[in-house]
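As structure tokens, here come the structures.
Look for chain A in each of the two complexes below; its partner is chain B in the first and chain C in the second.
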Partner chain A sequence: MSPDRIFNLGFDLATTISILALVSLGLAVIFGMRGVINLAHGEFIMLGAFATLSGTRNGLNIWLAMATAAAVVGLFGIVVERLIIRRLYGRLADTMLATWGLSLIMVQMVENRYGSVTEGIPVPVGNFTVGEFSMSKYSLVLMASAVLGVLATYTIMRRTRYGLLARAATQSSTMAEGLGVNTSVVNMWTFGLGSALAGAAGALLAPVVGVIPTMGQTFIARAFMAVIVGGPSFVLGTVSASGLLGFIENIGTNWFTPVIGQAMLLMAAIVVLRFLPQGITGTRFRR
Partner chain B sequence: MAFIRRRVRPTWKALAVATIATALLAAGCGDDEDDDPAPAATSQQETTPAEPDSSSGTDTDSTDNMSSDDPDEAAEPAEPDMSDEPDEPEDSPEPEPAPAEPVNSEPIRVGSLLDETGPLNIYGTPMADATRLAIESINANGGVLGRQLELVALDSKSDQNEYIAGADQLVAEDLAVVHAGITSASREAIRPIFGEAELLYFYNVLYEGGVCDRNTFVTGVVPTQQLQVLIPWAVENYGPRLYVLAADYNYGQISADWVREYAAEAGGEVVGEDFFPLDVAEFGTTISEVQSADPDVVVSVLVGGAHMSFYSQYAASGAEIPVVSTSFGLGSEQVALDAASSEGIVVAYPYFEELDNSTNAAFTAAWQAEYGDNYPYITDLAVYVWEGWHLWADAVNSAGTLDREAVIAELETGTVSFDSPKGTVTMDGPSHHLVQPVSLARANDSNGFDVFETFENIPPSFEQQSCDLVANPDTNEQFTP
Partner chain C sequence: MRDQREMTRDLLSRVAAGSGATPAAGSVRSDLGGAVLAFTAVAVLGNWVQEFTAFEWSLWAVQAILALSLTLVWGYGGIFSLGQAAIYGIGGYTYGFWAINLADNTGESLTAVLAAVAVGAAFSALLGYFMFYGNITDVYVAIVTLATSLVLFAFMNSTSGSAYRIGDAAFGGYNGMTRIPRITWRLPGGESHELTRTQFLLFCVAAGLLIAVGIRVLARRPFGRIAVALQHNELRTGLLGYDVRWHKLAVFTIGGAIAAFAGALFAAWGRFMSPTVFSLAPAALVVIWVLVGGRNSVAGAFVGVLVVKGFSSWFGGASGDNEPIVLGVILILIVLALPGGIVTNIFKLKHWALNLISPSRDRLDAEVELATQQAAVYRPEPVVSQTEPRSDINLSTPESAIPTLKSAQPRARLIATAGLTKRFGGLAAVDAVTLEFPRGVSCLIGPNGAGKSTLLDLLSGRQNPTAGTVTLDSQDLTNRKPFLRARSGVGTKLQVASVYESLTVRENLWLACYAMPRDTQQADQRVEGLLDWLDLCEEAEQAAGTLSHGKKQWLEIGMVVATDPSIMLLDEPTAGMTRTETQRTAALVRQLGENASVVVVEHDMDFVRQLDAPITVLHMGSMFTQGTFDELANNDRVIDIYLGSHHGNSVSDASSADAGGSSDADA
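Now for the complex of A and B:
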């Protein structure tokens, strides 16, 4: 295999993994910290994409529009948490039902506002060539964003006072409350952070996917798989699960066909969960 | 951030919120429920009152999207008739004794079942809009047999189960004809239901071809019609080596087979072929493989919202191999994608909004008057729906009766044709498919297409070879190449 082909394969692999990590991270934060399965996660991503679209249409610089979109979705997440989610913590089935309902409402609201198809946004950067392969520079943006997102989440959780309190509220809510932590507010911020990460993922993907109201469904299944396979230590878990699943899918697609690639992805998830029911980080790592 | 302790809330509040959330959820499910009074009026007529109205977002007549502020439309009288007199629920026998109702001024009830919500609505929305416009137009021009049409439109919500429930409901509604279905899976689910009930069925969608069923008429273009135009052009203009990317279900698979056949006929060959499950939205690996195989042209038979990503990722990668497609634009991809991602893609369809003829000018003007000037794009699919309704109406008017056998016989004469916005289309009698023009066009930089060549009267050749319902009326199967 020629060197340019090898570089190209690695580049594709890194892109796949980055996208997987980006779309999973927000879900992982919310699930890992709060035990809430946010079935509207895909729609939070979608909202991020549409917010970016609106931003650029109103003359914002595209990068600025993306940042704004993440913030907007974060705020939206906080509102949702205050109105719905906080009343349902600890009730897994109820949160699933409520967030699924929310997802339907969000799709229809966006559709009423933008219609079922609306004009997309251009890819803001060009492409480059290695050997006989032409590749998108935007993939580099996605990779950098994935790394940045993971590092930022890790830093927030490990190095800030909020992170400390959030982990305390997760590990022993009663004890944290006994020590004077307002867990309700802490949890609100946690949900907001997860939502903002979903929004950022949507914003970053907006130029390279079709921005339509139902786009969330495309990502949610994979994001769930990455989160479940990743296990409780969600930052490390997301990274390792994205890496593993992305690698397997890519190899399958490359050596066989895209159908086999998808099948291998699912097989890998099943195998991992059979032997590591708590996910990759289930036994060894702490949160 | 001040994390100050606050009082724990009583649980009943949480309970109330859960209830509200559930209620919202229910509202979300029936998301297309409209609050016009018409459904109430029909429910009095229902013979099966169980769940139909609330559960499936019925909009019982064409009022839904029709703005009520154009009173000059002849469509309007239809609904007062209905709501004023909820008369004779069961004993208006439509099917057989056509002569028994000589001066009948009651509306003819007709049905439609399309995905107006959910992921398939990128296709379904324009089709549902076309349905309403077609009914309105037929009514404005005197209706069918002098009677107005009344539409029973159900939303199948991109859900296969909703199709089956909806088809059962339509069968129970005592209708003259049903125009329904988008995906091939949905068609195959509901076609037997309508066949069983002897309810005339029109399928107005581009599809993989081969359906041969006496009760079913198809206005959509089939792969042979598109590919016998597109592939020779691609081979001649771009080169003989083709790489096929297709959606992994029967439409994509069968189309890929036809591509191989027409490529060989045109002196080309397929050098690579990949099929994608419908939820794949990441094409990096594939784009590399295409570049690695270095074909002269990429043939895309990718379908649906997720597959849209291919075009933006392909353009972003800077790959310069030209793309032709039999499916690009069906879901208004050229609108949803940035112009740079779609520009230059060559497609072959019967209809483009940009077609330059007087019928199309009138059609687009009527459409925009109804749905606004900045409607994203009147899709090819929308026009099959438009034709389906008009061909049916013309056939009924020629036959002089709503009787299913007589209407089928009329449509099978091969003389029922319609001056469509795309040109003249004619129902081919033996195959129940449409002979229609096919145009080649190139996606331009302003989210539209530039039509550069039109081929008139392209026959559904595979269906004509394999299917003769005049000679063998009992045939009921889907032929595959």
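Now for the complex of A and C:
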């Protein structure tokens, strides 16, 4: 195999892993910190993509539109948290059901507004070539964003006052309250952060995938698997699970079809969970 | 009194909220009667209405069958599966493949229905194996099943190429599979008959009602009772010796077979299957039907389908475009306001309605009052007031012999540990403990954090050791699962009484009695003996959660005894007991020690003294010393570790004491 071919394969793999990490990070934050499975996560991603779309249509610079989209979805998440999620902490199945209801509503609302036609945003950057292979510079943007997103999340959780309070509220809500932390507000920010990350993922993916109301469905299966395979230490877990599952998906996609790649990802995840029910970081690492 | 009230209220609200099914009451005969009645009604109506309407109705029946599969899996088995619609889809496609290829030749498509059921069951079994044997629980099951459907969705959408076909049947990709034959049947050598639309309706309704009756019958059988039990308390179910994983797998597989059956009927109904059955909306729809109807009742499945259908066509707009919005709103509202569903909440609605009429009285409060009063009537006078505790009479008379199995021999065996170690990170909670617990009672004591409960967990199998072994006679138990240890005769009572709180005392004991010899009749009989022995006859029909702390502890001990263990591990059996109750427990434990090895972890020194048994002192995970109560009471070092002594010396103390301890053990 020629070096440029190897580079191309590696580049492809890195792109797959970055996308996986991007779409799972927001879910992982919310699940890891608050034990809430947000079944509308895919729709939050979709919302991010549509927000970017309407931003660019209204003449906004695309990068600015993406940033705005993340903020908009973050705010939307905060509203959802205050209206619904707030009442359901600790009731895992119920939060799943409620967010599922939300996801059905969101898909239909967006469909009513925009129709179910695939919309596109032009890729803002060009290609570059290595040897015989042409690759998109936008993939580099995705990789950089994934790394940045992971590092930013880690920094927020470890180095900021909010992060400390949020981790405290996660480990012992009553103790945190006893020490004067307003856990309700902290939870609200956590959900907002996770939603903003989902929005950012949608915004970043908008130029490379078809923007349609049902696009969330294509991401959530992978995102869920990455999060539960990752396990409780969610930043490290998301990175390692994305690496493992992205690798497997990439092999399936390159050798067979994208669908087989997805199926292989799922099967790999189920097999991993069969032997590590707590996920990769379940037994070894502390939160 | 206050506590009792709150507990009862809590229990009532939990029952009302439908935290889980309880074993169904009633008889097969009445169930069948109801089913026949319902069938007759549909038959009459179905022949009266237009054929097209009858045809519409049969879809409702098919969907009710699909809902029933989730009622069984989720309501009775406690498995939160979001994949029932996907298995339904698999059933539908399988029917399609089979019928398209064979119906022309064989002139019937009933074998295709059977094939669909078999494939659906096999698929569920495979998926279930990975989930339940990997101990994936709760929401993880939900996620895995949902992700599986979405992957199937993506896969089926990508199969439009001509390469994707089995025989004459093409997958069809996003266009779906077309021209699926209707249900036809043929007697050997006879002519082929296709079911008319009305016949199809009757076939679906009959099948649905039979499945509903079947689920209720199953729920009353030991299998169903165990399924319900494990939903309420998985830990206890395992400790009684039931294989929780196997039970979940069985329930999930049966549910899968039912869902696939519904799928086959659906394919025959519409003569068409498309990949959308694997997408999110149908998966949600099944959950919504069951949630709306109430997941603990088979009637709920039928009601749920009808009500949801009505709602979404009423509010969903003429073209049905807004149906997802209606469904989403229903989901959110149910979760927020009506978690038990309609059928289970009729009871609650009645109270609400009554409250509207006479708001002066809080009805639920009144209900609690009533329940509490009844409980008070049934509860015998506290034993405290009696000069001659009746428990002692009970325990000394021959009738009160432990109600063990008739065949049981005194078979006390020796449970022993060698170099047993459990580390949590850098901390050794149990550090190289080598101990033997011979027949009779042995006590484990030690200050908080000494490692007593961890040691007991290692013996019962709730935790696996980092190093060392646990042996029962010559068998190596070290890494054996708790339910297998229970089957080899290790019974465990946990620190916080672990009983089935919302099942009655009788049901609790029955589950324990049935665990060992799997014999319904014998279990029924032994329950009576145990109720008598535990002096819980009057509370037999009460929910176990409403018992006082002491009685709950007794109940749990009784459940352990019922499995006829040769080794009993009792973690703080007297926690929360009054002095008199403690005395009675001491007598009870001594009695148990007559033909079993009983290991007791206890803080209450008075109780330990009454047991009059050899005592092992644990300190910082290691064995500190052994001796009788009087020896230890006069041992300064033991008193030091309890009182903390001089902090600076404690480490060197402990290590020197450790050496002393092991020489004591040799002696």
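We adopt the following convention: the second predicted complex is superposed on the first by the 278 of 287 C-alpha atoms of A that agree within 3 Å, B and C clash if a C-alpha of one lies under 4 Å from a C-alpha of the other, contacts with A are read in each partner's own complex, and residues count from 1 in each chain.
Assume contacts are C-beta pairs under 8 Å (C-beta built on N, C-alpha and C of every residue); 3 or more make two chains touch, one makes a residue touch a chain.
None of the values given here were measured: they were computed from a predicted structure.
Asks: Is the arrangement of chain B and chain C around the shared chain A a clash or a fit after superposition?
Replies: Overlaying the two complexes on chain A (C-alpha atoms) leaves chain C and chain B clashing.
Asks: May I ask you to decide whether A:L64 touches chain B, chain C, both, or neither, giving the answer as first, second, both or neither?
Replies: In the superposed model, A:L64 contacts neither chain B nor chain C.
Asks: Report for A:G101: first if it touches chain B alone, second if chain C alone, otherwise both or neither.
Replies: A:G101: touches chain B and chain C.
Asks: Should A:I228 be classified as contacting the first partner (chain B), the second (chain C), both, or neither?
Replies: The answer is second: A:I228 touches chain C but not chain B.
Asks: Should A:N8 be classified as contacting the first partner (chain B), the second (chain C), both, or neither?
Replies: In the superposed model, A:N8 contacts chain B only, not chain C.
Asks: More residues of chain A are touched by which partner: chain B or chain C?
Replies: Between chain B and chain C, the winner on chain A residue contacts is B.
Asks: Counting only touches as set out at the top, which of chain B and chain C does A:L151 meet: first, second, both, neither?
Replies: neither
Asks: Output check: A:L273 vs chain B and chain C. Expected answer is one of first, second, both, neither. What do you get?
Replies: second
Asks: With both complexes overlaid on chain A, does A:R87 touch chain B (first), chain C (second), both or neither?
Replies: both
Asks: With both complexes superposed on chain A, which partner does A:T257 reach: first (chain B), second (chain C), both or neither?
Replies: both
Asks: Go through the superposed model and pick first if A:M175 touches only chain B, second if only chain C, both, or neither.
Replies: Neither: A:M175 stays clear of chain B and chain C.
Asks: With the two structures fitted on A, what stretch of chain C runs into chain B, 60-68, 78-86 or 150-158?
Replies: Superposition on chain A puts chain B right on top of 150-158.
Asks: Mind sorting out which residues of chain A both chain B and chain C touch, each in its own complex?
Replies: Overlap of chain B and chain C footprints on chain A: residues 84, 87-88, 94, 97-98, 100-105, 108, 214, 217-218, 221, 257-259, 262.
Asks: Give the list of chain A residues in touch with chain B in this complex.
Replies: 5, 8-9, 11-12, 15-16, 19, 83-84, 87-88, 94, 97-98, 100-105, 108, 111, 115-123, 126-129, 132-136, 138-139, 161-162, 165, 177, 180-186, 189, 207-212, 214-215, 217-219, 221, 250, 253-254, 257-259, 261-262
Asks: Can you list the residues on chain C that touch chain A in the complex?
Replies: 80, 127, 130-131, 133-140, 142-144, 146-148, 150-151, 153-155, 157-158, 279-281, 284, 287, 291, 321-325, 327-332, 334-336, 339
Asks: Going by the contact rule at the top, pick out the chain B residues touching chain A in the complex.
Replies: 1-6, 9, 13-14, 17-18, 21-22, 24-29, 31, 117-119, 121-122, 125, 248, 274-277, 279-282, 284-286, 288-289, 291-292, 294, 305-306, 308-309, 312-313, 315-320, 331-333, 335-341, 376-377, 447
Asks: With touch defined as at the start, can you tell me which chain A residues reach chain C in the complex?
Replies: The touching residues are 37, 39, 84, 87-88, 92-94, 96-98, 100-105, 107-109, 112, 214, 217-218, 220-222, 224-225, 228, 257-259, 262-263, 266, 269-271, 273-275, 277.
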